[in-house]
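Here it is, the structure in full.
The chains carry the letters A, B, C and D, assigned in the order they are written, with residues numbered from 1 in each.
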Amino acid sequence: MKSYLERLPEIECVILDVDGVMTDGRVGYAANQEDEIKFFDVKDGHAIKLLARAGLRVGILTGRTSRANRIRARELDLAFVYEGEKNKLAAFERLLREQQLTAEQCLYIGDDLVDLPVMRRCRLAVAVADAVDEVLQVADYVTKAGGGRGAIREVAVELLKQRGAWKKVTGRYYE
Amino acid sequence: MKSYLERLPEIECVILDVDGVMTDGRVGYAANQEDEIKFFDVKDGHAIKLLARAGLRVGILTGRTSRANRIRARELDLAFVYEGEKNKLAAFERLLREQQLTAEQCLYIGDDLVDLPVMRRCRLAVAVADAVDEVLQVADYVTKAGGGRGAIREVAVELLKQRGAWKKVTGRYYE
Amino acid sequence: MKSYLERLPEIECVILDVDGVMTDGRVGYAANQEDEIKFFDVKDGHAIKLLARAGLRVGILTGRTSRANRIRARELDLAFVYEGEKNKLAAFERLLREQQLTAEQCLYIGDDLVDLPVMRRCRLAVAVADAVDEVLQVADYVTKAGGGRGAIREVAVELLKQRGAWKKVTGRYYE
Amino acid sequence: MKSYLERLPEIECVILDVDGVMTDGRVGYAANQEDEIKFFDVKDGHAIKLLARAGLRVGILTGRTSRANRIRARELDLAFVYEGEKNKLAAFERLLREQQLTAEQCLYIGDDLVDLPVMRRCRLAVAVADAVDEVLQVADYVTKAGGGRGAIREVAVELLKQRGAWKKVTGRYYE
């Protein structure tokens, strides 16, 4: 059986849960729910842009709905946003059809129980360091960094290196 | 005398303090007090929904008043919200009458001195890891996680497991 | 010479720096400067109310100006607010006159260089755990907790205990 | 070859990346992107003012654009703000011309790949403790503190001491 590193070059699409993966799992409330506050990591964001530069598709699949998600997705020019999806597996199947992908091309990063069905279906399932036990157990890889604190960066760098794309996408910083 | 774990199946209602329990105890101010900012934990939120799915009632009993509390309560569909209650014990007695509960059915999670009277009255009193000394001393159980960082999750998972409800409420994630 | 603990009962007024003492030193900006965001600690807040209950005066002396300060001061019913004071020592002298206090009755909690002149003038100077070296060196006491994370609580509890007021101000939680 | 400490007195200008250096790399979203939320460190801010007091120029060079940057720059009275600069090296060359500086007079503090070209051009390149590996490797100095948590303060204090300006700029706190 192929290891996590050996399978990374097969990945064409990275699917991200939002809360607890792109963020540290905290949601802030003030005047109203629509404007819930979330904090994203700038280094994770840069890594997502490097993935896109290498030709991969990166997008969001989340059970919650918020403007913060859409602002962040637009800023990073994400390939797709599926939000408010209470049944993540059904949404994942729809995503595969609509984005013309197969599960074997997908890597999913999750942190909680609701992520389990998609994690078992994807080619590669990654858990952030502070995921719940059940998610840590099914993951092909557990990041050293926690959600919202570099977990996505860690996966992206390794994926680009295993794919042999690292030098190409970061070349401009070494000119 | 029954241990904490042995008493968990008797619990029908989980009562939560907000600041320091559902949050890490920080309140943010910007333009005005009405819109004070609080950060809640998404994994705690999911655990609260699992408790409700198992038929338990979960609600808030807090001395402060803020929109953030009510937004969070509505989002999690909490069974009750008692806020602005400077005398928590009096509010707790009223809560028991209004919600038709007995103190023997209630578990309370607290972190500060104002929580002591209710903690001594409830069947089970839980302190978050970063509660003040006086609260740690009277607690039947002290969570490993701090307030706003998984303390509620920790209590909910154990409660559902001791009640024999864990598999039923999480079954959908294993189909 | 009297120790820190021995001098605590002489204190009648606790003067607090805001940023780095009542907060962890982070200031947040979004739409405009007027609405800068600061996070305060709820347990610190409760401790300030206990000090007031024991008859002590507690107030703010800060170089910055913001609505967040005034919101927090009003919520905690502070005895005084001196903000926008670039020269803290001059403001401190004015504070003594206006509040009819002597420096020998005052304890000041600080974290940065601007606090040094007042710290040398007060009866007791406290530094938070994450104060700069120069402040740590002149302090009569360094808290175990960092600014915005319980430093004020720590000072208040010890002060109330040394004063013999702890049982009286917390008695209501043990009835 | 001169060491980091030996070269510090040659520096006349400190250029700061924003996200991950002046902040801890988190950007918060709520109602809209324009108002993204960033948290700055008050002790870092004071250090920047001390540098200016010693006659150094301090400014921002960042790839992102936000009101928070400009609010912070105005509050600290920064000498220049270059934002929205996707090509940092080109912006740096323009900065040198417009501010009439040479690369040999500049110290740059960075944390991510986009900072590499400028870091190789400056007299001194500093990486914050939580910078990415590639940045840590090219840095002349790595701060003990992380971005947004004192990294700038650490550099500024050492620079002022090596320059022999520390006592002059902090003298007012010892009168």
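Observations, loosely collected:
The criterion applied here is as follows: a residue touches a chain if its C-beta (ideal position, glycine included) is under 8 Å from a C-beta of that chain, and two chains touch if they have at least 3 such contacts.
Since the model is a prediction, treat every value here as computed from it, not as a measurement.
With steps allowed only between chains in touch, the distance from subunit B over to subunit D comes to 2. Both subunit A and subunit D derive from one sequence, and where they touch, under half of the residue numbers involved are common to the two copies.
Fitting subunit B to subunit C on CA positions gives a rotation angle of 90°, reported to the nearest 5.
Taking the mean of the C-alpha atoms as each chain's centre, subunit C and subunit D sit 31 Å apart. Centres computed as Cα averages put subunit A at a distance of 44 Å from subunit C. Annotation for subunit B: residues touching 2 or more other chains are 28, 30, 37.
Chain contacts in this assembly form a single closed ring in which each chain touches exactly two others.
By the touch criterion given at the top, residues 19-20, 25-33, 37, 64, 111-114, 116-117, 132, 134 of subunit C touch subunit D in their complex. Note for the complex: subunit C touches subunit B at residues 28, 30, 34-43, 45-46, 67-68, 71-72, 74-75, 148, 153, 170, 173-175.
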